[in-house]
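For reference, the structures are reproduced in the following blocks.
Both complexes shown next keep chain A, but they swap its partner, so chain B is in the first and chain C is in the second.
Up next, the complex of A and B:
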């Protein structure tokens, strides 16, 4: 299980890196799906099977299909690829990479001060749903209102 | 049962978040910017799951569900805005949006 965690983590990092340096938008999307699926494996290893399944279905399934649909609708094909090649010079990466590296360094510094081995306990769908429909029922209602607002906004914005 | 050091999970979340941040700062194509935002949201969800595994509670997974809902709504609105932008300017370059008039 521990090996699986590190393997999936490495795949997640590599494919996420491939997403941000990719010029072909459909390839980038496929790398993003790979990254999300490996994060789902990490969730499973960390004892959260429900979150892993939701990550695969909602993130890698529904949200990525939405992206693909818009990419096909806008017909971002070969011409966008050449445009991306022009935009994506190595020098544009320098300043953002340095800033993100500083941020990551601070984060790692803080994280490095705590060390605790996680005894992986499976928290299954039963415990999660007992919480969702118990004390957190208001959060579920608010989430549904948020989704409704998103639906209305998407319909209104994408309308001619 | 095997154990996983909690800091390694958090480091993974941190690396993914930083990569998403680089993507947001670097890219000029707005679809890539939205994809990088998804990476960052996903990384924060991973941090919540790691915390849930640390304490052995289900609350972290509930928070992950909320983040998932937020990401879905954000993508729906964002893609609608991209379609609207493409209709108006026939491009996905975010630099054309630098002039905010009317």
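Up next, the complex of A and C:
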């Protein structure tokens, strides 16, 4: 399981990096899907099968499909690749790389202080549902109101 | 060597049988369509056309495997592989018999929904990477259709999940052994799942993404050889998958009187649904694209939500 965790984690990091440097937008999207799926595997290995499968259904299966749908409608040609290439000059990476390196240093520092023998507890569907409709029911209701507002707004905009 | 859940022999046999059945369906479907449309169908090769599938396979393997120079090569090659992969992965959680299956998973139903939603990429990427206007139109239709019907497919299953109290397909079958088959309390859920299943595997009458009279062949216009063959066999694999899911979720899976072994009951029930899907193809004309969409969102969605609500109320009472 530990090997699987590191493997999925490595794929997630590499494919996310590829999303940023890829100039072909469809390929970038494919890498993003790969990244989300490997995060789902990480969730599964950490003992959260429900979160893993939701990650695959909601992010990789629904939201990314809509992204791809929009890309299909936009009719992006060769010129966007050249534009992307222009934006990806080496000097653009300097400042973000420094900041990310500082963050990584802090993260490594924190991880180094943690104990390494993590005990994996499996959190099944029942436990997640009991929490969602028990202590966190208010958050669920608020989220549903937010979604309803989005739905009404989308309906209104589409009517015009 | 005995068959048990998750052993290498079982997994190999399931893969082999499922793919062979899907390939055989190409011939079976053409013969049955011929029967229902009062014509002969392919009956020249072998005994009553039984070797037609071999002839088809030889033809498809020896055709030129062509990638158009204007296509996006990577996505063009990946697209047909995606549909085969996700559907074969879905078979991993299907319980064929008490001792036959790949994995006994607590998230079986959700896993199948996840794989079904990933299957949409196959047709979308196939159409988009072809760089062909008919393929793009087909891919757009496919994307909208699959994303829409996924929603009702998921909701229609929740009644069964609520009644059995589990996402595990084996426990769903076990729950039907104690009570009745879920087709009786969940008849509306069954009908919605059946319609959504046809739409998800985009077969006639819902083959709007590839409607050959309107948009050439839709998303696989530019495909030839075995890449086209993978789309083709993928469609039949989807048909087998939907039929076996209906059997498991609504018709008691492998359950049946003891004079036949469980796997035979499973195969018989699934076979009936496969034949029913072929009959649908022979009998019903294709709806218009907007009719399909409004039928889904304005009729099936409210119906599936009401079905879930009523099921919940009855369980609580």
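Operating definition for what follows: the second predicted complex is superposed on the first by the 150 of 160 C-alpha atoms of A that agree within 3 Å, B and C clash if a C-alpha of one lies under 4 Å from a C-alpha of the other, contacts with A are read in each partner's own complex, and residues count from 1 in each chain.
As a working rule, a residue touches a chain if its C-beta (ideal position, glycine included) is under 8 Å from a C-beta of that chain, and two chains touch if they have at least 3 such contacts.
Here the structure is a predicted model, which is why all the values come from computation and not from measurement.
With the C-alpha superposition on chain A as described, chain C and chain B fit side by side in the combined arrangement.
Between chain B and chain C, more residues of chain A are touched by B. In the superposed model, A:61 makes contact with chain C only, not with chain B. Once the two complexes are laid over each other on the shared chain, residue contacts for A:50 go to chain B and to chain C alike.
In the superposition on chain A, A:24 makes contact with chain C only, while chain B stays out of contact range.
Residue contacts after overlaying the shared chain place A:153 against chain B, while chain C stays out of touching range. Once the two complexes are laid over each other on the shared chain, residue contacts for A:87 go to chain B alone; chain C is not touched.
When the two structures are aligned on the shared chain, A:13 is found in touch with chain B, with no touch to chain C.
In the superposition on chain A, A:128 makes contact with chain B only, not with chain C.
In the superposition on chain A, A:33 makes contact with chain C only, while chain B stays out of contact range. Put simply, chain B and chain C get as close as 15 Å, counting only Cα atoms, in the superposed view. Judged by the document's definition of touching, chain A residues 50, 54, 62, 66, 71, 73 lie at the interface with chain B and also at the interface with chain C. Residues of chain A that touch chain C in their complex: 24, 26-27, 30, 33, 49-50, 52-54, 56-57, 60-62, 65-66, 68-69, 71-73, 124-125.
Of all residues in chain C, those touching chain A in their complex are 72, 74-75, 78, 105-107, 110-111, 113-114, 116-118, 120-121, 124-125, 127-129, 136, 139-140, 143-144, 146-147, 150, 167. For chain A in complex with chain B, the touching residues are 1-2, 5-6, 9, 12-13, 16-17, 19-20, 25, 28-29, 32, 35-36, 39, 42-43, 45-48, 50-51, 54-55, 58-59, 62-63, 66-67, 70-71, 73-74, 76, 80, 83-84, 87-88, 92-93, 95-97, 99-101, 103-104, 107-108, 111-112, 114-121, 123, 127-128, 130-132, 136, 139, 143, 146-147, 149-151, 153-158, 160. Contact residues on chain B toward chain A in their complex (touch as defined above): 1-12, 14-23, 25-29, 31-32, 34-36, 38-39, 42, 45-46, 49-50, 52-54, 56-62, 64-66, 68-77, 79-84, 86-87, 92-93.
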